[in-house]
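One structure is given below, represented as structure tokens, and several questions about it will come after.
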């Protein structure tokens, strides 16, 4: 395939949105208030919408009559490139908001850079999505503060979530071979350069939320290389169920 | 297919064992004691072993080079004929033991009758399995008593489980077209005749366990006709994952 | 107030309704009017939020990204409908927490149809096509009901429901034009949802209560049996377009009355489900109660945070 | 007892061990011997029960009924090993509850290899082949260790582990003789499990503690590095049979020493995982703690029931 790096680069971005959107989709009708249910569904919808744009573009590059659905549903677990952070389970609402916030801060920085991509399609997708992502960040950041600075119970729960999820943040800034190639060409974002600003912003919100900054310097990585957590297989079993069970049909 | 009734009849029996075995398999390593983990895994293993015998026989009848795995893994949800009882989730250990007990009492009565089948293969499978099932019943019945007559908390939890699961018991005695045809030929068991003895035995244990007999006269059915609960789809997504994702391979 | 004064107010009130004026929350209204509206609107709100569950069941397994997005949007709309309707109830002086409490304790009802399981993807089509179709037939007349907030909510709800109904039909159409497995899936869904959809229009007129009063207040404009007939007459030709068979051997066109005759509804099943013994009643209620109980700490935190911030603002101000 | 008496007992004790006599629970033993054995045996027991989790992860998704049954049987065996080993610990006067408490609080360790995720079915093969293979190399010498209950437990454990190891190899063989996807899955599993398996044999001798004393008590007969070399020398030819490539560019046969040279182990990764920061440390511990806490009411009920029944029996007897 020509443009293999671009193809892989796009999948990396798309998979993050797909998998996070899928996780949020599990919660629909099970949230703590009707308002959070609506907002969570809305964010899920935005993310699914975004990943469709990416997959459609990747499918065009791939050729072979591939469709967005082939890419979203018919790869093997080891071929999904999303970061470990977004596949983490909905343990409780603190995890849901913590995961969202830790991703959103990255996501907005990423989209802001992607706006400048020499690839017009990617720049256009970023332009379309950036307002959504900025809303996501405000929503999740507000909830991190509310839970962190709410009751003793909510503070403990939010702290637990931040401590657990923190370990997946560093991977956001790893550069795969495709990332490096695309950054060098001015198409992709050099995410390694976002790291300091990310930790600065995240730390400020965490402190404002009356939470302790996690001290651990150990981080877990693997998703970008397709080595996922044990949660991922179950998520994919559901995600892919229809496409695997009824192959080659239209819906 | 010749023997279509026999084929469907066998699948009905096999699916009960497969699905209950699958449910128990989820618990492996997560039980309240090491001893119950071992026993639960053992029961799961027995049930998977039993269903293999049935599926192998059904595959032989079906012909077309079908294998036990084709039958176990590659049918659509609407084609599984297990009763709703066995697919109910492992809500807590009271549900696990309640579900097991309510099935085991039936299962042992069923196997005892199947011993007399004019079909030698079925009679042989029953002969092989009856000791296992009789152990299962002793195990689950003992736990129903222990939990029912243990602490106030365990009594309440066991009662909750029995009340919820009770609604699925009546379906055990429904006769499908295949059941009727096979019973008429002396191959299958007329399960409708087991009903009184079943409720008598189950009621005795429930009372001995210091539990109240559920009063509801409303029952839910559907599994035998392939209309399952919403839990079933997720169970099947996991069960079928490998066979659907990697079709036509040997393992 | 004296009985006479009340009677006077009631007469003015009924006259306003008769003139098709809208009653607004701050207007005087008979207590029974208030209670009836709280009951009906909250029942409708509960139906929306319980109704999220059977469809929510397929979000993670939707067969394409396009369908996943559409399903998310649909369920989100339902949550939105719940929200307007709870708000409309609140204008009558009942809090959302009280209404939830009624739902969770089993005191309040919701539409029984949501107590059936969604077992295949085609159920997403059938629910949109049939369940939303029946809902619209129930709801369109309510766009002109007497209580202003309810009427206005229903205008918006009906517009969205009608979009959902077309979307459901389109899912069915795609299946019916697809492979034999897909068409079979569609037929199977119709087989399972047809009768419960007919039951959605309510018990036969003979069994129905509240009807006369509801007619006067424009909470009801046609009887259940009339609505049911309307639903059948509208839906049968749609099934023909799909090439699906309505699972009723007694269904046939009656030339003389200009509508369809149809078979006996299994009212025993209807009452079993209404009384809480349907296939998913317990599961639905458990899902709602779990969501509510597991979310208590979140709501408490939000409240505590808001109070602290009020206090901070106040401190800054002085 | 006077120091002299103790010294005397210790001398007799060490002489018994030197003569290859077995020490039994009721025999006198030095406190350090008791503590060391509790530590090592419980660590081994914990490894068995934590080790159920990564494999348990594939029970519901095993690709055939035959494999599902074999995997269930294997995990059951591991639970059984845990049971013997906890029982062996109990003979030294420590209760199973205390040992669990040590595990759950993070005080006790378990084999670090179980902190890696099982991401494909081939991991079931790799774990059997490599992890059980390395375990056997660690454990076979323990069949002759000085403490009787431990030695006897290890005889049974090793027999079963050796069966598991063959079964794991057979899973790999089937994959390697299968489709290209299957072979790739096998290679990928080897790539991920190879280095953690080498780490399983423990830190390099320079870093290892307790070794001298353990040698004397026959808790250890070879150094970690010797065991590692043995594992590599035995496993490389097996990989050749499978047609798989060991993911170590520095691996090569060294004719002069008659064994393989191999590359540098990433000890930073080893210590990260040992210290609790591996990919699944938190998840494994959460699973165990949840199982224990969620099971408390069950254990309480069993205890209460047993006590009631004892009381009933007693009443009957008088």
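Think of it as A, B, C and D in the order they're written, each chain with its own count starting at 1.
In the analysis below, a residue touches a chain if its C-beta (ideal position, glycine included) is under 8 Å from a C-beta of that chain, and two chains touch if they have at least 3 such contacts.
For reference, the UniProt names are A, B = 1,2-phenylacetyl-CoA epoxidase subunit PaaC; C, D = 1,2-phenylacetyl-CoA epoxidase subunit PaaA.
Computed from a predicted model, the values in this text were never measured in an experiment.
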Far-end chain from chain C, centres as C-alpha averages: D
Centre distance in Å when chain B and chain C are each reduced to the mean of their C-alpha atoms: 37
Cα-centroid distance, chain C relative to chain D, in whole angstrom: 57
Approximate Å spacing (C-alpha centroids) for the pair chain A, chain B: 41
Residues within chain A bordering two or more other chains: 76, 233, 237-238, 241
In chain D, residues with contacts to at least two other chains: 61, 181
Chain contact graph, described as a line, ring, star, complete graph or other shape: other
Which chain pairs touch, all of them: A-B, A-C, A-D, B-C, B-D
Residues on chain B engaged by chain D in the complex (per definition of touch): 22, 25-26, 28-38, 41-42, 44-45, 48-49, 51-52, 55, 68-69, 72-73, 92-93, 145-147, 149-151, 153-154, 157, 235, 238-239, 241-243, 246, 249-251
Residue ranges of chain C touching chain A (in the complex, touch as defined): 49, 52-53, 56, 59-69, 72-73, 75-76, 79-80, 82-83, 86, 121, 171, 174-175, 178-179, 181-182, 287, 290-292, 294-305, 308
Chain C contact footprint on chain B (complex, rising order): 76-78, 164, 167, 216, 218, 220, 222, 227-230, 232-233, 237
Complex interface listing, chain D residues touching chain A: 54, 57, 61, 117-120, 181, 188, 192, 272, 275, 277-280, 282-283
Interface residues, chain B side, partner chain A - complex: 76, 233-234, 236-238, 240-241, 244-245
